[in-house]
Each structure stands twice: as structure tokens, then as C-alpha cells.
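Note that chain A is present in both complexes that follow, paired respectively with chain B and with chain C.
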Partner chain A sequence: MLLRCFMVFLISLALPWSSLAATQIEISAPGEQSIPLALTTFLPDKGPQSEKISGEFNEVLLADLDLSGLFRFVAPKAFLDDAERIGLFSTQVNFPQWRLLGAETLIKGTYALEGEKLIVEARLFDVVNRRLLTGRRYVGEAKDVRRMAHAFADQVLKELTGEEGPFSARIAYISNQSGHSELWLMDVDGHRPIRLTNHRSIVLNPDFSPHGKELLFTSYRANNPDLYRKEIYSGKEAKLSYKPGLNVAGRMAPSEREIALTLSKDGNPEIYLLDTSGRIRKRITDSWGIDSDPSWSPDGNRLAFISNRQGNPHVFITDIFTGRTTRLTTKGKYNATPAWGPKGDRIAFTRQEGGRFDIYTINTDGTDERRLTFGTGNSEHPRWSPDGRFLIYSSDKGGKRGIYVMRSDGTGSRRLTTLESDSRHPAWSPRW
Partner chain B sequence: MSVVPLRQNNTFHKDPKFGRLLLVSLIAHVLVLVVFSVDLFGTKVRYKPPVYYVDLIHKPVLNPQAGRPDPRPVSKPKPEPVKPAAQTVTPAVPREPVKPEVKPLVKPTPAAEPKPKPKPAEKPVPKPTEKPVAKPVQAKEQKLQSALDEIRERQAREAEREALKDKLAKLRDSVGAAATVPADVPVGMPDGQGDEVGVSALAFVQAFIQQNWVLSPYLLDQSRIADFEAVATLNYSASGSLTSYSVDRLSGNKQFDDSLKTAIVKSRQLAQPLPKELKLVVTFNLKDIAAARR
Partner chain C sequence: MKTMQMLKVVLVVLFLFGGLVGCAKTPPVSAVEDQAKVAQSDMSQQEEAKGVDDKSMQGEAVPSHEAMAGMQRIYFDFDQFTLSDEARSILAENAKYLQTMNDVQVVIEGHCDERGSDEYNLALGESRALAAKSYLVSLGISSSRLSVISYGEEKPLVNASNEDAWAQNRRAEFKAVK
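Coming up: the complex of A and B.
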């Protein structure tokens, strides 16, 4: 009897729900497409207070995260008292306060400066679910504060997107800052430029080896465009290819066992594969036209290059094993400098239209071509960041030619190099 | 002397007062309970009423009437009187200042003529012999022509503007903003067929969840934007609280799935009570973003 009553009770409880018909609705876009982030100023944990340290860390982190396009920053003026409290554990953070300000993510941190030694603790919190997402402790010297900020920006991107950011990498480029066209290296935000060569000649077209330890570039040091390789840490340099004519646009294969480049030793510029000692391993192209600017696919099986074999210069793709070559671009009268994206799905290139060069991207099957740069000036030499989120390129839209960075959809463009010198041919290193 | 174990000698001695003490203790306990549970002194029970935010205009209802969901046009009557005035002018001459310009241009040509009606405009034409007169006439004609051209241009611009307005109105209608609906139209839904004053409960919940859904497309593989889709079942009580939810199908992308779970958590309490409890099967996708990029 008791059991029967209990069953009836249960059924009576369940009835309203079962009688409730489910209604379908569809939400086809998020209400907000950028994550509200509160980035607090880091507070001194031990040692003296240094506004330079906290200010510089904050500035670098903000610039990196802003470039990512992922965030909308909550105005620091609106911050309440939790921003002034040291609390790196989720139990110590006043999450309702941050919710009140509309933040969904929160970055808090501390620093301790003891002499030249600097320790930075940084945390990323999920405000809605009240939990710590990621945290890092960096130990170094006071001069490393920018590197620490870049490293934490990479970590934030890794936590939120599953893929590490490219901000700790470096950018190689050609600049005439010293009076000659030399090879330089800088941070991805344009800071800490270092000159790598002193050829007192014309240096051009640098490219990193896939592991980032070496750079390939062409130099006219010996009055001929020869291909050089240079170890970044040791500074050791060697001539790799010095055949008569062009030895330009050297690109190391993802396997690091081969180098694709353009040689004109027989008169007509063609693409060849060299081994790492500079010996020719294979001729890739053989046409009456000019073939140049090779760029490896991430799997190392194909090369994108420029050829005018069918009239105007266009982007072509060739399989290095079968030799099967297909034309990728069909529009424009002058296409140049293809760069295969690290995800393998898109290729960036330059096209001249209306007397001006602009950056475009296209799918590797020739579909979905998009123009990324607009406005005045020529934008050329596009290269991808190692995660494929950004593109760097050179442009003279600000007067003197300089290095610019933008998101891979063409938004968020900003100049990295100063207006004092002429800079071009950028290349983004693998993760440093 | 033999030692007798204590336990063997000690028999349990029952205290005669024990029962009484137990009873007293029981009564004391009951009394304490009564004192704390029964309102002996007539003190008012502190009842903390729940606070409901009730918007009588946007009240979610099941069967909304036909009308406008957005009660904004309080200030709309202002432009209304201007609009018909502009419309009446457009077919003929768009702006008043233009009219006087036309007449003086027509008048001077028949300077000697007594009647300044449109006909005299032709009169100067058959008198080309008088050169000194003809020149000013020509100039005036040119002026007249240019004025007419200007009028035509303005008319064309007005017509264009009207066409754009019509287009905008149609667009607004299509998105249900009902902005072109006059101010006195009752609150409801553009496609409402019921008889209740308020907005559709489903549309309300949908907008509420969407507002709480934060996802940057930069978190995702851009080439797969159109493929991301997840389905969740949400049960809301009549008070607008999320009583339970389950994610029935995930997209497989951590960022996308996490973002919609967060949106559900943020939507656990709606801003308005619902007309009744609701069971919703919500499909989350990025079709609008994908369409915008095409």
C-alpha cells in the first residue's frame, strides 16, 4: 500500500514535466563577439614599488591581447577595490565585483623586485565560473619585463584558444637604419631591434629555419646575389649558394633537410631544391617563364611560387614529388611573394591593382580570395605568424616603408618599426 | 581475605527519582521547542518577500497580440508632422525657397507684357531680331533651365531618399523592429496572433540567452565557422529560474562549447518571470557570422 502511494506520488511529480512539450529555438550568433577582460595593474608583492615595471608589463600585455582581437577591455577607471588587493587565489578574488563591471575574464598579478632580480606572478581568472584558468611565475631580471609580458600573453591565448600565441617570437627584417640595407631582428611589437649583419651592401629576403635557430638571406656582399645562412645565437655565417646569377628567396623545408630557392645560373630564373650544404638536389620548375618566390606548404610536400609562364605573373602550386603544377590565382596582372599559411589552408600574396600593391589571401584550392589591405601606399611581402593568426608585411602607407602587423582577416593593422628608417622583407620566427 | 570482584557485588540500583527527572527534562525540552516555534507573544513573523522585477510592457507572454515589441516611439510623433509636409511637396516642387526663384525668372522675359502667366515664356522666343534683348533672355532661360535642373535633381534626391526610407522600413519590418508602426500600436509582436499584451516568451528567453553568449570568432578555426553547432535542453520554471539543463550535443570545439555553457550559467535567472514553465531545446551555431563573411 505504502509502495503504491509512493509510486503515485512519483508519477504525479513527473507528470507536469512529461506533459511539457519542448520548444525549439535557434541562436545563430553570440550576443557579444569579444571577451570582456579586466586587466589590473600588477601590485608589488615584496620589495620596492616600481611603476615602471608594472606599467611596462601592463602596456605590453595590453598591446598583445588587443592585437589578438579576442578581448574588449573593461575601463580601468571603473575598477573597484578588488583591483587594489593582492589576491592570486580564486578564493581571494571578489568575483561578484568583477561581474558587476561586466568582466568575464580577469588578469591579476604581483611583482617582486629585489635588486635586479624580478619575479612576476600573473593569473588569469574566469569571472563567471569563479575559477583560475592559468597562472605563471616568471623569474628574471628587471630588463626582462617585456619578455615576461609577451610570454604571459602567449599563455593567455593558449588557455583561451588552445593554441599558444606568437608574441614571444621575433621578427627578422631588412632595414637601412645603419645606412646600409642590413638584416635586423626585433620583438613582435617592434621593440629591442638588433642588427645581425654588417655586410655594408644589399641584404634582402630573410627567412627563419623551422626551428628558429638559423636565418637564410640573400646578400650582394660579393657583388652577386648569393644565399647565406646565419646562426642567430652564435652569429656564425656561411655562404650557402653562390652560383652565377640569382641565388634568391631561399626557404628552408619544414624538415630542415632541403632549401627551395630561385637560381638563374642557366639564364632563366627557375626553382631548385638544395641540400643543407648548398648542393643542388632537384630542379623543381622548367618553363620558359620566370619562376620565383617559393614557399613551402606546412607538410613539406608542395611549393607555392610565382610564374609568368601563362602570361602575367600568377601564383602556382607544384607538388615536389609528382611535379604536378596548378595555377592558383586568375585575377590581377601582377601577383607576387606567396606565403603559405602555417595551417595549410590559405596562402597570402601581393597583387598589384590600380598601380598599387595590396595583400590578399586565398584558399589553396583557389576559392575565397580576400583582399586584406586598402587605402594609400603599397603593401607587400606578407608573412604569417607561427599560429596563423596574424600577418606581417611591409608598407609605405605611412611615408617611409615600414613593417606592419595585422590579423589574418585584415583588421587591427599597426606599424611596428619607426618612421626614421626604411624597413621591408619581414619574417616571423617560429616560437622563440 | 578473598577479593570479590566488584561487578559481581554491584547490582544496578534504580534511583526512584530517575523517572521523574526524565519527565521534567522532557517537558523542559518540549517547552523550549514551543517557545521558539510558537508565536506566544504575538510578534510578527518576518516575511521576506521575493523581489520580482516586473516590466509590464515587455512582459513575456505565450500568445502575444499583434503589435510592436519596442515601445520606443514616444518621441516619434515629432518627426511625423514633418514627414507628410515633405511628402506633399515632393511630387511638385520639393522645397519652398525654390518656387520664388522660378517665378522671377519667368517674369522678366515678358517685361513689357501685362500678364506674367506661364505662356509669355514662349513670347520672347519669336523675337530674335532684337539682339540686345535676346541675350539677356537667353541668359535668363539658361538660369531658368538650371533652376529647373536643380529642382529636378532635388526631386530625384527626394525620391531616392523616399526609396531608401521605404527600403529601411521594409528592412525594419523584416527584423521585427516595427519601427515604422505608428506610436499608438499596442505592445505585442509583429507576427503576433494571440490576444495577450506583451512580448513572446520564447523570443524573450532567446534574446536573454543570446545576450549572455560571448564568443570571439578569433577563438575558432575561421574556415569552419559555419560548422560549429551544439544543442542544449533548458528547463525554466515559471519564476524564470533555470531548474535544470543538459547539453545534448557538443560541437567538439572546446572554446565554442565552453562559451555556450557559460551563457547558460549566466542565464540561470531570467530578468522576468515566464507565463509558465518552459522546456527549450536551444541550438547554438554561428550561421549569422558565417553568412556575414560570405
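Coming up: the complex of A and C.
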């Protein structure tokens, strides 16, 4: 394993007045209301100017905030001289100038680069009320500039909506870039991919533990689809379930005390609960057909899963305590890959219609079904961001399979991975 | 109000990737094992996909079992594991062959096309392999000679996304165990 660990301390100074900014802008749904935002390029405070640093910070922050769908960006070409001034105190900012450009919010900042050491000061201002909304100071190295920008994007969303963004999290996925299907991890904008496994076999179905410290996945390393767990920080890996037949679709419960998975040890795929040492604690399904692909409700009481017990594959929901099972999807002949949203109210899934797979969401009581993807190609395997704002999924609409992200209403879709290799089965980590 | 600054320490552990995926490229070995007819279309598909996304390399990597010259693949319809008449007659031929090779153990591999849920396809591939196994058993082959493994959609025979490729990828294969 060629993985090395570096520890980086990002020190953020929460400014005292940021805690007072209780007034939040009311936003009910992405895209419904857009806030005019002026995002300036950060200026060098001390030390040399680095267009690489300021450019990269600006690019990452812009992309994250744009994906959120909450903002309308004031064209940088229209910026006046305040954009060139360093002053970050609200008394130093020329708010009328920004008002003139139609901006209601403003992001300004500075950076100081000393050798490899990088300090970034970032501020979000309320232009209308002429005050600071939030400020952060990030201390790290030049190579951490993307992480700092993602962290500030999370903070901006938190300040304006009350809910932190998911941009500092990571995406786990399967790629065959190395010549084998292995487990990879990348930033939520597709940058900085790193390979986590070197099984030189087939690695499948990654899923994060609810606290994001571990990944579960299936590998054929020992000539059988066995379930593994891997600690992300230490790289430590262990086989968790290796019964004859399938040991797939492992999903850790919100409590992290149990793992739902599909076993076919008795000749038919059924869903079971294991304890964290891999022993069977409970059998969840018992049908003649295929039962697979469990997804936990956020409260840990229910599982959504696929079953073809009534003929075609459909999404079902079962209560793990009472065993009461109901069918969720009624339309189409192939519904699959349920993903229970983090707010508990909606489930994303895929359906085949007209020979192609598309992504849908539905309320947990079966009402308000919405189709999110359209057009050519198959869009499959949706997974939620930890705040429920976004869905990550795989699609072959570009002719080859890659990983895409979109808002949970289906807008703003963009591709994250290159099409040089096959990337699929993404999972969004919890906040780190 | 601006009296104190509260210090909040956010600790972030970064993984860096030292010396990138430097594994030496294994020469792509064709997934074609037998069956001239299938083999030819497979070759042509590989020509098209050359250097871009060669999944057949995966096939080579898994320490797998040898194809048996005397045993033919069977194919399935989308999302089905029932045996067609054609599949049954191929299995009957395979059974005859196995009766002449009494010492051979066989692994039946179940495969799917790339569409649909990975997790469901793993289950479906297993159902296909099990359907083939139980038919061979019904024809007098001892079940102790037959084991199954599902590869889901992981080892396509034809690495392309079209109806023809998918039809060839929905299959069960018969491999001798060493």
C-alpha cells in the first residue's frame, strides 16, 4: 500500500460576532430563491502574490456555491475598486459600491503564503445591512487550499441556511483506473482521487460507516464475494463476513452496532443483520425471490430494499423490529438501488423505463414520486449528500460510465470523474 | 462585544497518495476463452474499446478457473434466470460431456449485463448459476462436482453498451476447477 498519511491542522478562528448572526435568509428549496453574491478573488496579505492560490480557492468556492443553487453571481468584470482593497473589517468595506452592483452578499478574503505555509482569511458580508455574517481563518499548507475553500463553502451555507454544506466530505467509489476494480476516494468535486485498496481482484459496493471512519465493501480477493471493513485513517482492513455465496451490499446501521447485508448461504439471497464482529444477529427477509440492497432509515428502525418477490424488482420497506413489510414502488418493471435520504422523508431509487434507467425520489409513504434525470444514457445508483441537498450517482450518458452530482431536485447536474476509466457506485461520506 | 476570540480547532487528517498507482500494467489478456463465434465479436469489441476501458483485464486478474473446451455457455433474458429451451439443450450437451469426465469439478459462473443495481445483479447472477446447476443435477451430474459463483455485472464477455453486448453478457459459464 502506497498510502501515506499526513496530518494537517486547519485552525479556524470563529470570530465573536459571527455567532450573533442569527438572522438567516429563508430558503425553502434549492433554486427557488437566489441570493445575489459578489465573490471576489482573495488578495495577498503578507508574502508573495500567488495567482495559483487565489485562483484555486476562488474556483473551488465558486463551484461549490454554484452547485448549491442558492446564489446568483455578480459578474466579476463589473467589480469596482473595493474588490482590490484588502480591508476585511465591516467598517473598511465600501458596501454602497457593492449595493450599486446589485450584490446582497459579499465574500472577501486574503491569503498569506510563507514558503509552504498558507493562511487564508475569508469573510462573508451582508451587503444590505453592512455587517459581517461569518469569518474563518484557515492555517495549513499551500496544498490544502482546496480543503480550505470547501470548508468555507460549508460555512457560507451554514450561515445563510442554518445547515452546513457537505463539501468537506469525500466520495468513495469504484474505479478500474488501475486495471482492476478498486476502492477509491475523492473530494466532492472529483479532485484529488486516491486509491484505497490494492486487491487486484474485484472490489464492489462501498459504503461509509455513519461516522465516516470506516468503509464497508465486498471483494473477490479470496475467490468469493466477501464483506470487508476498512478503517480509513489507519488503512487497517479485515474480512467481516465470508460465508459461502454472496456477502454483499453491507450497510452499517446509524447506531454502528449492526450491519445489514445480503447473504445467500442457504441458496437464496436474503437480508440479514450482523453484529460488528460478523456474527448473524437476525434474519430480516424470507422470500422465495431475490432480496438485496438494504438502505437504513436515519432512525435505524427500518430498511428499504429491493425484492422481486412479487415478480419484478421493486423497492420495499421493512420494519426491523416488527417485520411489517410494505411495497414502496408500484410503477415500472424494474426499480432498484433504494437510498434513504438523511432527513428521513424521501427515498431515491432507479427505475428502468423505455430501456433506460433514470433516478427518481419518492416519499416514504409512496406519494409524490418525482423523476430527476432525463435524456440519453442510464443514470443509476443514487446516494445522498449528508445534508440531503445533493445526490451523487453514476451515469453512462457521456458514452462511458462516470460519477455525477446534482441537486436533490434533479437540477445542476455535473460530471466529477474523467471518462478515461470506468467509475461507478459512489457513496458520499458523512461530514468529516 | 469584540472582547475575546474563541479558538476553535478543526482537525483534519488528510490522506495523501504517495507514488501514484504505480502498478505495472498487466498486458490485456483477452477474455475470450472458447466458442469461436462469440470470440470473434468479442475481439472486434475490444478493438473498439482499445486503450480506453479494458474490463477484460479484470477478468484476467481474478485467480479464476479454466474454461472447459467441451462445455458451452448458456444465455439468459434481461432480469431472468429461467432456462430457455436452447439453454436446456446446451446443458444436456454439457451434462453428456461431464459424464465422460468423471474426475472434473466444475465452477458455474453466473453473469449479468451492466444495467441495473450491482447488488441485485450479484443475486441474479447467482440465481442463473444455480438454475444451471440444478438442471445439470437433474440430468444426473452429482451436485458435489458443481459449485457456483456470481460475478454480477463485473466480468462482461463483451465490453460494450448495446443490446448485442448485453445479450452476450447475460450468461452462465462452466469452468474446470484445478
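Just so it is clear, the second predicted complex is superposed on the first by the 400 of 432 C-alpha atoms of A that agree within 3 Å, B and C clash if a C-alpha of one lies under 4 Å from a C-alpha of the other, contacts with A are read in each partner's own complex, and residues count from 1 in each chain.
Following the convention adopted for this analysis, contacts are C-beta pairs under 8 Å (C-beta built on N, C-alpha and C of every residue); 3 or more make two chains touch, one makes a residue touch a chain.
Small disclaimer: the values here were computed from a predicted structure and weren't measured.
Once chain A of one complex is fitted onto chain A of the other, the partner contacts of A:A75 are absent, as it touches neither chain B nor chain C. Shared-chain residue A:T337: touches chain C; no touch with chain B.
In the superposition on chain A, A:H180 contacts chain C only, with no contact to chain B. Between chain B and chain C, C contacts the larger number of chain A residues. Contacts of A:G267 after superposition: chain C is touched, whereas chain B is not reached. Put simply, chain A uses residues 16-17, 20 to touch chain B in one complex and chain C in the other. Listed in rising order, the residues of chain A touching chain B in the complex are 16-17, 20-36, 68-71, 104, 126, 128-129, 160-162, 343, 345-346, 363, 389, 407-409. The part of chain B that touches chain A in the complex is made up of residues 202, 205-206, 209-219, 221-223, 233, 235, 254-255, 259, 262-263, 265-266, 277-289. If you check the complex, the residues on chain C that touch chain A are 1-23, 25-26, 52-55, 57-58, 61-63, 79, 115-120, 122-124, 126-127, 130, 148-152, 154-155, 161. Residue ranges on chain A touching chain C, taken from their complex, read 2-17, 20, 144, 147, 151, 168, 176-181, 185, 194-195, 198, 200-202, 204-205, 220, 223-225, 232-233, 245-246, 248-249, 262, 264, 267, 269, 290-293, 306, 308, 312-313, 334, 336-337, 350, 352, 357, 378, 380-381, 396, 399-400, 420-422, 424-425, 432.
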